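What follows are several structures.
What follows is subunit A paired twice: with subunit B in the first complex and subunit C in the second.
What follows is the complex of A and B.
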């Protein structure tokens, strides 16, 4: 079966001196109803990947012409702005990190929901209003009908994010892209929003691309996980495989660096050095300056993402497993 | 604990006025309300809470970076809040702070070497000729390459800048450091480095910490005891292992249950057991202000969200005070059960 969304050789660069290759050859697919999480630290290219899919890259950014984002048989990246707008917000919707900055502060909740509806559907004012109430109920906002008249500042951060989700779901998208949807929220509110996303996804059968830096957040929602480092996917596998048998040394180190409540308190294993900069990716494997296993080959030669039985991994250890330092 | 605690806070309160612009009526917000606790010499006390709980305000009140409305703070026997200029200056040498946002707290036009040197000059702690050596030693101690002394903050990574903030705080050889969300702006891989560094420094320099954070898993790594704050009040204090194994305040329980576990099997088991991906009770926590049409002033602040089965009228009429329920364990809940069995690890 053909995937719902397929990203091939996505490259997004930002002009400058030197130019930054923020996303540098990303490939993945997303099936109907599936949740794929893209995980990584700051500057790894996960958010730029999400924005590129929807063509939301502005000057001095540029999506390289060979890049393909295939959805419903067409390459979204070659569409006219008008055609792309028909898909964006309707068939592929997005929820961002900061609900407070994504919502318009001078418009009521009702206006912001019905605006999206009326942009994509022929629907009467009354019907749009009724639908807005239903959507607020869907995202579990109490007294939905009364909240329609509220302005964003009258709502808490969690409620604002629920409104964002309601707007995103208003046209029943096939794909929901959620970029750090709970990062700005307190942990108890985060739990509620994650629960809501899981439930809605099951009910509406939509696919979700979840972008996050937090492995804990991803663990409860994702079917598959793609780990990004240095503008590329360095490992991709089922969620269970990533957490139980990480193959790439970066994934392994990242899992060990997270303080966890379900493990005894020990000294944390930190990853030496810091995350690389998109203007100056290291030569060879981009993780080699921080990798405990690196040898000459890693310093000079760039590994490709290679399929294995358990998943895809971009590491020379798949070739030379005996090089692994114990 | 050798006798007197290093820091003693007693019934400390701070209110802010909010709103009251052209038309609105100003409201008084109780950011910190009658908070009392002590920190022993060499101890690390974790202070956790969600946004608006008052934890950052509390840290600043202790260092007198904000003026308290009432209450006292004693540092090594000296009254901090009424200290005169000279005494305060001496105190500031011994009580330091590391901020979350090192980019915002460092002067962008000052090299990081100067940033670390400055406090020593201000407090006249070293001869001019010794200053450079001391800066280099401090750099080494916090894991910064001394080659970087002439760099500016924007030329460093977030982790390096946080190390500069730590070196600057340590330059005056304090006894006590308030760490205000010192790792929450850092990437996971770098966060672990800085947490390990803070643990090492504490050991090497016999430091006392007040470690403020919203992330309980992080606090667990660095604190001997944990104080939980909600709506400007301390609701629970306990030795770290006890707090995590057997939380007694319903808010602490809620908070712990909400933390996502980085393990898909566990996360799934929890949802299948009828406990959703993260269990949570009631509406979102509002910022530290009365919720519209809210509860009476004498109600327990957690009342509207409380999932405790025994919750009743008393919780609405009588604010629970912090009471002792075991060795070193305090809780502000009428119905917290000290005999509650330890929870199996999440």
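What follows is the complex of A and C.
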């Protein structure tokens, strides 16, 4: 069966000298009802990937012409602006990182939900209002009917994110892109929002592209996990495989950086250094300056994403496992 | 909209402003009914020159023995309509140009804003004087156009700056992500978020326009006599400020109170439109 959404060779660059290659050859697929998590540090290209799927890249950014985002047999990147608008919000919806700034401060919750409905459907004012109430109930906002008249600043962060989710779900999209949906929220609220997302996804049968820097967040939700580094996917496997047997040294390091409650307290390990500048990716493997295993080959030659039994990985250790430093 | 009106009404200062604006508008509209005399009628050139305020002539009379209350009331008609209409022209034009420059960016923005810079470098009164001097028998419509067309420059700059700051906010990206088109984004997300500064500019602009019109009429290039406008009456009163101060005093007071009323109203509307300010 064909996947619901297929991203092939996605490259998004931002003009400059040299140009910033924020997303540099990303490939993945998303099946109906599936959750794919994209994980990585800040600056590795997760958000730009999400925005590129919806064609929301503005000057000076540009999606390279050979990139393909295929949805329902159509390459979204070659669609006319008007046709693309019909997909956005209706077929593929997005929840942004910071609910406080993603809601328009001068419009009521009702207006913001119904405008999405009215943009995609012929629906009367009363019907839109009723639907907005249902949606607020769906995302478990108490006293939904009363909250319709509220302004964003009158709601808590968690409530705001619920409203954002309600807006995203208003037209029953087939794909929900959640870009760091819980990063701006308190830990307790985070758990509630994640639970809500998981439940709604199951109930509505949506596919979800969950973007996060936090492996703890994706652990309970994702079917598959793609780890991004340097604008590329460096490891992609089932969630279970990633957590049990991470293959790429970067994935390993990410896992070690997550505090665990079920293990004795040890020092948390941080990954030395920081993500390199996207305008000047290092030669060879992009992770080699921070990798404990790196040898000459890693410094000069760029590994491809290679399929293995457990998943795909972009690392020379698959060729030369004995190089692994113990 | 009804909510905005309700909030304006709940705001005491705005209510005073609104009441005064409505009162002045009504007085101007029904000037011919309210005024006891024809504003151009010379009542008694010999016996009624420069009469101080009295029961018969509450604002006194001028050199030509005309009833000043009637003149101020009829002058309100001219002064207010010129001010409101020219501000409307200026705000619509300034907002349109500012939106175009801010949204299009690049070359369009450069060309528009350099043009505005050039226009701003010219002294406005001088610009208006030249046009008025070249345009014989200018009339009210001409004056509205001249004043409106020469005063939108700073509005467009401010609108452009606001557009630039609002359009980079996340909720604009979110609006695009739900599939809204340019019209929906500008109408629902951009304009309501920059309405505050635009309204402030409009209300300040009305005050300025009244003063500018007064200045032009004072210089003798605005509304032609004997049609009364506030600026003209003040000009008439200037020579006799010592002997008959009431001639300039009452139209002057009318200008002050009107400008104040519009400011109070504008400030109230701005507060009512911004849900965060409550």
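By definition in this document, the second predicted complex is superposed on the first by the 326 of 326 C-alpha atoms of A that agree within 3 Å, B and C clash if a C-alpha of one lies under 4 Å from a C-alpha of the other, contacts with A are read in each partner's own complex, and residues count from 1 in each chain.
Please note the rule applied: contacts are C-beta pairs under 8 Å (C-beta built on N, C-alpha and C of every residue); 3 or more make two chains touch, one makes a residue touch a chain.
This one's a predicted model, so the numbers in the text were calculated from it and none came from an experiment.
Partners subunit B and subunit C, brought together by superposition on subunit A, fit side by side with no clash.
Once the two complexes are laid over each other on the shared chain, residue contacts for A:101 go to subunit C alone; subunit B is not touched. When subunit B and subunit C are set side by side, the one touching more residues of subunit A is B.
Contacts of A:219 after superposition: subunit B is touched, whereas subunit C is not reached. Within the superposed three-chain model, A:194 lies in touch with subunit B and out of touch with subunit C [touch as defined at top]. Judged by the touch definition given at the top, the superposed model places A:153 against subunit C, while subunit B stays out of reach. Measuring from the middle, so to speak, at the Cα centre of subunit A, the directions to subunit B and subunit C differ by 80 degrees in steps of 10.
Once chain A of one complex is fitted onto chain A of the other, the partner contacts of A:90 are limited to subunit C, with no touch recorded for subunit B.
Within the superposed three-chain model, A:281 lies out of touch with both subunit B and subunit C [touch as defined at top].
When the shared chain is aligned, subunit B comes close enough to touch A:257, but subunit C does not. Superposition on the common chain A brings subunit B within a closest Cα-Cα distance of 6 Å of subunit C.
Within the complex formed with subunit B, the subunit A residues making contact are 41-42, 142, 156-159, 186-192, 194-195, 198, 213-222, 239-240, 243, 253-255, 257-263, 265, 267-272, 274-275, 290. The residues of subunit A lying in touch with subunit C in their complex are 51, 54, 56, 59, 82, 85-90, 93-94, 96-98, 101-107, 111, 115-116, 119-120, 151, 153, 164, 167-168.
Residues of subunit B touching subunit A in their complex: 50-51, 157-160, 187-193, 195-196, 199, 214-218, 220-221, 244, 254-268, 270-271, 276-281, 283-287, 345-346.
For subunit C in complex with subunit A, the touching residues are 105-106, 169-171, 173-181, 184, 188-189, 192-193, 195, 273-276.
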